[in-house]
Amino acid sequence: MASRLGVNQYGKAETHLVRVYRDGDVHSLRDLTVSVALAGDLEAVHLTGDNANVLPTDTQKNTVYAFAKEAPVGAPEAFALRLARHFVTGPIRRARVEVYETMWARVNAHPHAFTQASGERRFAAAVSEAGGDRVLSGIADLVLLKSTGSEFSGFERDRYTTLAETRDRVLATAVTARWRHAAANGDWDESFAGARRALIEAFAFTHSLSLQQTLYAMGRAVLEARGEVAEVRLSLPNRHHFVVDLAPFGLENANEVFHADDRPYGLIEGVVEREGAPDPGPAWAPYPLL
Amino acid sequence: MASRLGVNQYGKAETHLVRVYRDGDVHSLRDLTVSVALAGDLEAVHLTGDNANVLPTDTQKNTVYAFAKEAPVGAPEAFALRLARHFVTGPIRRARVEVYETMWARVNAHPHAFTQASGERRFAAAVSEAGGDRVLSGIADLVLLKSTGSEFSGFERDRYTTLAETRDRVLATAVTARWRHAAANGDWDESFAGARRALIEAFAFTHSLSLQQTLYAMGRAVLEARGEVAEVRLSLPNRHHFVVDLAPFGLENANEVFHADDRPYGLIEGVVEREGAPDPGPAWAPYPLL
Amino acid sequence: MASRLGVNQYGKAETHLVRVYRDGDVHSLRDLTVSVALAGDLEAVHLTGDNANVLPTDTQKNTVYAFAKEAPVGAPEAFALRLARHFVTGPIRRARVEVYETMWARVNAHPHAFTQASGERRFAAAVSEAGGDRVLSGIADLVLLKSTGSEFSGFERDRYTTLAETRDRVLATAVTARWRHAAANGDWDESFAGARRALIEAFAFTHSLSLQQTLYAMGRAVLEARGEVAEVRLSLPNRHHFVVDLAPFGLENANEVFHADDRPYGLIEGVVEREGAPDPGPAWAPYPLL
Amino acid sequence: MASRLGVNQYGKAETHLVRVYRDGDVHSLRDLTVSVALAGDLEAVHLTGDNANVLPTDTQKNTVYAFAKEAPVGAPEAFALRLARHFVTGPIRRARVEVYETMWARVNAHPHAFTQASGERRFAAAVSEAGGDRVLSGIADLVLLKSTGSEFSGFERDRYTTLAETRDRVLATAVTARWRHAAANGDWDESFAGARRALIEAFAFTHSLSLQQTLYAMGRAVLEARGEVAEVRLSLPNRHHFVVDLAPFGLENANEVFHADDRPYGLIEGVVEREGAPDPGPAWAPYPLL
């Protein structure tokens, strides 16, 4: 039997870096969890255990920390890009660096005390290879809810359909979104702030006939607000809020009392692309692979 | 061999209620996860399986939903108290109701769109029995960090001690705090807001010689700010931020680059009491039991 | 206002130790996660930040590792006891050491390859003070299910009760159990194996009229099987398996197709004591405190 | 600006089905968590909210339960395939069904009492479209450890490298593996058992010079053992076990006492393919999308 090595990558995952900047007495923070995945001429290590082309994942971790000192960290996109470019050398022909940023807010006007601002995490990734660099931005765990302005009706029915149509329901989701930049430079913080705002406002101000419609509106809103974005990918769980039947207790329930269920949940996923956008190349290669 | 039944309780845990209030077009929300534990004359069900004294946990769940419609939910403390009092009847002689509230913030001035405001959860509990009611408030997952203003030195040493003293370290924690009210009434929302503010400000403005000292300062600050609070209990994990050794790369690291570690972690716990406070009774009985 | 320090404890939590024993080519493992909590003369550190009585939690971590080399680790109860006794010295008047053991099974007859045997974790705790030592054993995440042999009927009803009686249901739970030993010595591995077997067999062979009845039977079975055990504490979530209504699809469902729900869940908790058992002292003091 | 809809899919995720089979008094179980993702002519729902082509995710959930009654569930691969084929009709042109199976073991010879056998989960997926069907099998959370027989040396070094070479280390991982079948039929249970055995034995019996080498050996072993498998994908976190420095305490540590760390971790991922295997088609399309 003949077997062969296919797609492969390796690296250090989830190095948790906190970088403190001290501008006199006034401090600021960046809190980044960084994952690196390298690909290239790695056949020998798989087939024979020859590590000559393998830069240890321990070294990758060291590099994350050293880079945080050698130059300003900046936006997570910039830091990911700087790291990714560094790793592409010798046998390594492609590097992917993914970053999740935890956001901290200053306590009042305190110079060095902070509180974790929200459960949201900002995401950034850079993929670097000889042919150029790709940059993604994104967000995870952005939890949104509308208490009205959402319908679901006119859907297909088969013999297993029991769902009633509704003209008024709660719509809730935890947004995972990633978007691809047309170029590997920009004002990342401003771009992120604008894209995040567009996502939230599109969710809030779209009268929703389906979560798919809301998803498309959210993606399009980012493209409209941010000319530098080529493509938006969204994964939106439908966090079902079921109207509780209070009739056995002689009570009406006009969309006032809900059971927020955990599982199962709808999962609505899609891509909104700008026409004529540049090719993504390896920007969306899966990480982790499984 | 003679065995006997000791402490016992039962109930429905983690009923996730979302209550929407519709004041014309402008909506508001309460998002509560409610757990009930009942105790009383429950020997027969344990020894012989006679359920005559057992109000089903399914009924307890129904009650949470029905109560959310029959009267305003109000603060989580008030809702817990209303439920706890209801369940104490017939063979049930004590009811404990615990509530975690997830906080939502309005999107801009939108009438019915919300975003989950933070990872913090507000806590409330009520314990009701013939002898009266007890109320606890609290907070979980309040993550705080100081980038300076924290020392640790002068500690005990033994033959296994290798830790160096430090005059400047990062201090970070995820606060779990609960406090007991002297009476079962009050302006719960104002009380909570004041206690939360006291905790955060004490953490921020205490120059810390140890996390124990900070803990005590946080508890005392709540007692000073809120005369209605009899006792504060705090559980503070010390989320270690280790200074990364950058010397092998020819770099200094003057408390700028940190590795935020997960485990192990210090765990500092303590109670701060007001002298002369009323007896807690069963307020702190463990839930869950293990 | 006068405030004072109440109950307090501190220590290093979740030190994850893996100890490899090499008996020639044949290896064996103990995989223990160890948490330490110390109490004693700790007023100064809370009130003034004087650390003179504070053995660093870093030292406690070091001690866990050093002890694993200085003498055989043995059963988790024995290791907890050895550590707890060590820490009670000078200002420290009580030490609590809790251990979770992850179980590994040998791959076939391989001398040094192992697979994690199950999701269950074995638990042990020792509490040491001048007055003597207490030892707990236990288990967590032991998931059990009966597909019949469980009823629930004859229960109390009120105006919020809608639950139907049932003579045949699925009963499923994830057992958390801890039991207290009358003395601080014994054959811990044999004792644990016997207690675990008693729990499982009592669950399996008790025709259940309620989960409370099953709980009591499980606790009593441990006391009957193991004379050295003074008391058993159980926390049993009722993992509801709901019969799916297939009537809309023209199908019967005679307890064959179930929806396994996550939340809410019943939570049944209780203590089964041996009459005349010695006083528990601080064995059950809460850890963590909140 | 012109935007357009790209790749999209939707469905019900994590329907948790437990199917009880009653062969007289002797019962058996299948415990499956099923996720469905449908793709096809879904432009209208995204662009205008027209749901005419949208079979509700609620209906998909109902279908999972009804199918579990209408015919034997069988192996998870078979169940996934039966469901996937069902959903491809009308506007739906591709269906992906993923299943995780939780394994239960009978308590002794008990006819209807079970214990959850391990933390491992069996995985299966089917992708159905007009052009045919693809089937994947797999495993998650299979935790393996070797206490020796693993080296790491001869690796690339750069200015950030501090790692020492080692001729003897602990190698531990939590295997996530998925493999693609050449055809959409077979004896799934026998195939799974053989592939799982091959993975474990290759891990155990490969003297490891790197985790990449072990990964390739594991994938190749599956291909050698199971002629019906076309391709194996593996994601192997390197769960670092660090030798604790006990020298400060006057103790040697010859690979006996380890700190099992959580993060960061190495992540080694790769594909092992059979030469001449059929094209995967959409078998590996990402789910979830992000």
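As written, the chain order gives the labels A, B, C and D, with residue 1 at the start of each chain.
Throughout what follows, a contact is a pair of C-beta atoms (placed from the backbone, for glycine too) under 8 Å apart; a residue touches a chain by one contact, two chains touch by 3 or more.
Note that the coordinates shown come from a computational prediction; the quantities given were computed from them, not determined experimentally.
**Q** Given the touch definition stated above, what is the smallest step count connecting chain B to chain D?
**A** The least step count works out to 1.
**Q** Comparing residue numbers, which of B-D, A-C or A-B shares more than half of the contact pairs of C-D?
**A** Matching pair: A-B.
**Q** Upon optimal superposition of chain C on chain D over Cα atoms, what rotation angle is obtained, reported to the nearest 5 degrees?
**A** 180
**Q** Can you give the whole-Å distance between the Cα centres of chain A and chain B?
**A** 30
**Q** Report the inter-chain centroid distance for chain B and chain C in whole angstrom, where each centroid is the mean of the CA atoms.
**A** Centres of chain B and chain C (C-alpha means) sit 23 Å apart.
**Q** Mind pulling the residue numbers of chain C that touch at least two other chains?
**A** 15-16, 62, 66, 160, 162, 248-249, 262-263
**Q** Contact residues on chain C for chain A in the complex?
**A** Residue list for chain C touching chain A: 159-160, 162, 248-249, 262-263.
**Q** In their shared complex, at which residues does chain C touch chain D?
**A** Listed in rising order, the residues are 15-22, 27, 29, 31, 62, 65-66, 68-70, 104, 107-108, 110, 112-119, 142-149, 170, 200-201, 203-205, 241, 244, 246, 248-249, 251-253, 255-262.
**Q** State the interface residues of chain A toward chain D in the complex, per the touch definition above.
**A** Residues in contact with chain D: 1-16, 35, 37, 42, 45-59, 61-63, 66, 90-91, 138, 152-158, 160-163, 176-178, 208-213, 215-216, 219-220, 223-224, 231, 233-235, 237-238, 263-276, 286, 288-290.
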